[in-house]
């Protein structure tokens, strides 16, 4: 199968990081196709940038959907997730929903370690029905950029923070939340007493599960037309 | 004060309709500035189109915010509302949140009459904390376009539907939900036994209330930059 | 328009304070009519006193409703609010519901600063659908009476407390909750990094908005009669 | 023990009916003291009347609390319940909370049969944490007054309605909700396939349980004073 | 009446403790019949043990139900409660549901003191509709076993912890949660400023209330048969 | 990997049906090991039988866990799920949680078709955080046994019922809920306009995903011992 890994940002560094983690997580028959958005914010750090990136994500979906068996949105905000599902014609999974869904299959009190924007993950937990299981969210004193420049330090802080969620908030499963954590869970796991998961790994596997089911797409009604859209979006939405 | 009325669609007909209703609702000192999006769907009828229109709305906000005292989003999906608030530097109100907020000041069981997409209004009611007060949503057998071509019939159906929400669902206030209902509540009110409100009227007044408070804007952090954005958005987000 | 400002207590000092703040908030054509309850507690500080004051508020409404275009309940408990709406024949707004409704139009994480009874504001937040947006409630180490005797100190403490709600609880809008805060938000605003609002200002404006809509009253059924009620209440309820 | 049965209305007929049912439900050592409010509505049928009756109930509590071991509020609105608890110095139980509490000890899907005001029972169910267990509310086509003038017909309708809640809404316990149903559950039970309960019976027994525990009262702070209150209320609140 | 007190564990020491407390709480005509499970964990401390104990509890119910007027489950997990109700043919009350139900009749902010497994009491509070009233849960630094070996120390710690729930979490009623607390509330009450209750006392009294109502049992459908069950369970479920 | 498929009933017919469906869903390297409970109900149709079956399931887990890479509970009640996770030392998935988790990755309004016990699926939806997404539950007029004796008729009814959930309840994904539906979704899919899924297929795949993650087990504390348990359970819990 062919799995598109779409980074909602325009910085190809994160795309490569996520694609590499997806390749490690994927089963042999899965081809990973990394895609970086053609326009929009370098790194989403605000609601405004996230809303703009949604358009950019949908543009990527429209352009590449015909060669996709499934799509992984490699952005912790799950940017444009519901809309992408209506457009793609194949399964679409966001890494944060993937994390919450997987965590709920493992434990009953979910801890979350992140680089920032805790308000957003509370909103997503609520949208995904995970609020009752959310034991706590901890923001680490490091940025996503530190994950590239000083990965050892980030790993150490993340492990300590996960441990604190276990001892203080009774978490029995912990999510490393953020695309920059891609592939880091496995390395830190020995230092954390409960299962530790990350979104790219979970999402890659869930994409494979959904693609293998060969489910039909639901037809979605659209308005009569639009202007100023890319040819791909125009074609996907309005058929011309 | 100057109130921008932004239509999230690219069809200026709806813009004019909403602007006219806003002018009727506004107090004398308020100047209504109608704005239609420069790109995006003619009429939003799907999640995909709504996500694209969010970008277009933010582009309008970025372009015109410097001459705005407040902004009314004249689209029943409240497209990009939270993001627009972070960008505008002045109060931003969406017509559906305005309707729910006003209805909650009037009654305790809210009925909602709409042209379609009831799922979306349930999502918005939930986001706005109105679910516990939502007595019922009724979709009328008419389209937003009928509101222009055959307004008498739409008025009659809307009045009957509102009446049914009162008798069968115990509604004690009813919202006409949809930009195409702009200005229609007052005409139908004599046929409905409880208060009937519409979003453009409520929203215009609430914008005036908020603008008069002269509240400061909260500073919002953004990422390091972006590509392919309009000069207005680039300037507003990244200062160059 | 004529706006009754009803203080649910029997202490006219608070009435005057609220009326003055309402006059500052009102637009030119609005006449403020301050009313103090004729019987009941001097200052409501318990559930028992609040329940008694509800009767006293309704008595004021019954006596003065014929000359009212709208009524503001100038008491942070929103005493008798739903009942007053059924009796008044005109819009009725409580200052705490007004604060929550306005705050939800401004931000998504509401902080609340108050003189006491945090349990009550949690109950009201729940009743008004604001619980999901409530970032935190902070009780300041000062009484409502200090607001008159030592306003500078109260202002300083309130500003510091509001700031703490921003930095520690991620509040993006803060309510000064309590009639004794009437008019204080504007003075403190320069020291607080997010919008700061108070109930009398919000409520006065919202009363104007609702009155301008000229909405009909819903007929409310009552029982067959009563004894020992004031002539005004007897007339309003039983028509004789 | 001495159990005050306070009717929140001023119609002594209902008081007698409830007192008789309470006597049948009580264990031998319990003395039932029926009390009718000295002022307020004959029969509460609106929020306004309920708010006024709250004052009248508190007045009865203040007057008679010294000779009470427990108090049953014999009114289905549980008028002034929380406030009465703060004032009484002994356990206070409302008949509708008693019904919900008892029903939750018996089954997991609660049906409710009532003479009217379903909105109010939904509010109370929510306040008492019973919403998730509420299978349905059915209003019977009869008034509380019919329960006296034509009890056979009311019994028959109530039994049929309870049966419908079982077959159609999967109720596994049914509450007859309304003071006028006092004592009726036992007579109808043979015609209903699941447990059927009424508030006066449940409430009388729960009062006995709480009184036997001899729990202390919590001290409640009040404001500095009040005017126009009965000597009993003034004494109870302000100690003079 | 005859009240079975079933300990879900196989350690008869706890059974005796609970039976003694039940005898103190019961009214004169009530005979307490203590029952200890015939198989299963000595003391339940995990979900696995709780699930196994559920079978053992149902076995006791099947064996002894014919001579029962009511059944008290004397285990703070309310093990097998809903299933036992379907099997018993008489009222069944669990001590933790009894505590929450009683607490809600007394106050509006419930504190809970326990020996451990706070996650479980949160789950039960949620299942019983008490979450909105739960002011806080405090785990004391002592084990259930300490309650026998060093009761004075446990009493002192419990009193201090209850006091902290009052001052810091605004609790207005406190539950001592755990079978090992049986009978301890009365001794500690003088040191705690709000009502203090325990499950065995509450549950014994509520069993008496329900038994006195002589309510019918609901018929419950079962599958066609089973293997390896005790004769009592086989008879109770499948009639042979 | 080796996947245990545990039927919580003692009827091996259902076990074989589920094992066959699991084999069709599994990827090549997965060995399916069907297990039927050694004691308990033939077919669970009540809460009592479900509670007994929980013990039987845990006994199977204890006996076979050492040769398991993952465990699928092939019973729509997800009997003993949370406890089995604490005992197994490998991932454990229940077919109904698997269905809800998968459905939430596909759509936003979930329809559910089942043979009976709708109350139970509502409870599970709530426990799994899916209530807000539950569009509706429909019970078909056929029994699980009909699925074997007259599968064509059951397929036809299920397809019609699923279609009704789409048109009337706006479902955008439908779950066939019940072990007897194992493998039926694929056959019916062509007649249903939205994705149709069943628990055994989803659960088998999710087990593979979790097993491939090689996550550690959380240590779970137990009590000091037990009596009358199988050697396997005694060993698993108490290590002897």
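Every chain is named by a letter (A, B, C, D, E and F) in the order it is written, and numbering of its residues begins at 1.
Quick note on the criterion: a residue touches a chain if its C-beta (ideal position, glycine included) is under 8 Å from a C-beta of that chain, and two chains touch if they have at least 3 such contacts.
Just so you know, these numbers come straight off a predicted model, no measurement behind them.
Asker: If we look at chain A and chain E, which chains touch each of them?
Answerer: Chains in contact with chain A as well as chain E: C, F.
Asker: For chain B, which other chain has the most distant CA centre?
Answerer: Checked the centroid distances; the maximum from chain B is E.
Asker: I'd like the angle of the rotation relating chain D and chain E after CA superposition, in degrees, nearest 5.
Answerer: 180
Asker: Report the inter-centroid distance (CA atoms only) between chain B and chain D in whole Å.
Answerer: The separation of the two C-alpha centroids amounts to 44 Å.
Asker: I'd like the Å distance between the centres of chain E and chain F, where a centre is the mean of that chain's Cα atoms.
Answerer: Measuring from centre to centre gives 31 Å for this pair.
Asker: At what distance in angstrom does the C-alpha mean of chain F lie from that of chain A?
Answerer: Distance between chain centres: 27 Å.
Asker: Scan chain E for residues touching two or more other chains and write them down.
Answerer: 82, 108, 132
Asker: In graph terms, nodes being chains and edges touches, is this line, ring, star, complete or other?
Answerer: The chain contacts form none of line, ring, star or complete graph.
Asker: Which of the chains are touching one another, listed as pairs?
Answerer: Pairwise, the chains that meet the contact rule are A-B, A-C, A-E, A-F, B-C, B-D, B-F, C-D, C-E, D-E, D-F, E-F.
Asker: What residues on chain D touch chain F, complex-wise?
Answerer: Result: residues 108-109, 132, 170 of chain D touch chain F.
Asker: Inside the complex, what are the residues of chain E that reach chain D?
Answerer: 27, 82, 85, 91, 93, 97-98, 101-102, 104-108, 128-133, 172, 189, 193-197, 201-202, 205-206, 208-210, 212-213, 215-216, 218-219
Asker: Help me check something: in the complex, which residues belonging to chain F touch chain E?
Answerer: For this pair, the touching residues of chain F are 9-10, 38-52, 54-56, 58, 80, 82-83, 86-87, 220-229, 233, 237.
Asker: For the complex, give me every residue of chain A touching chain C.
Answerer: 118-119, 126
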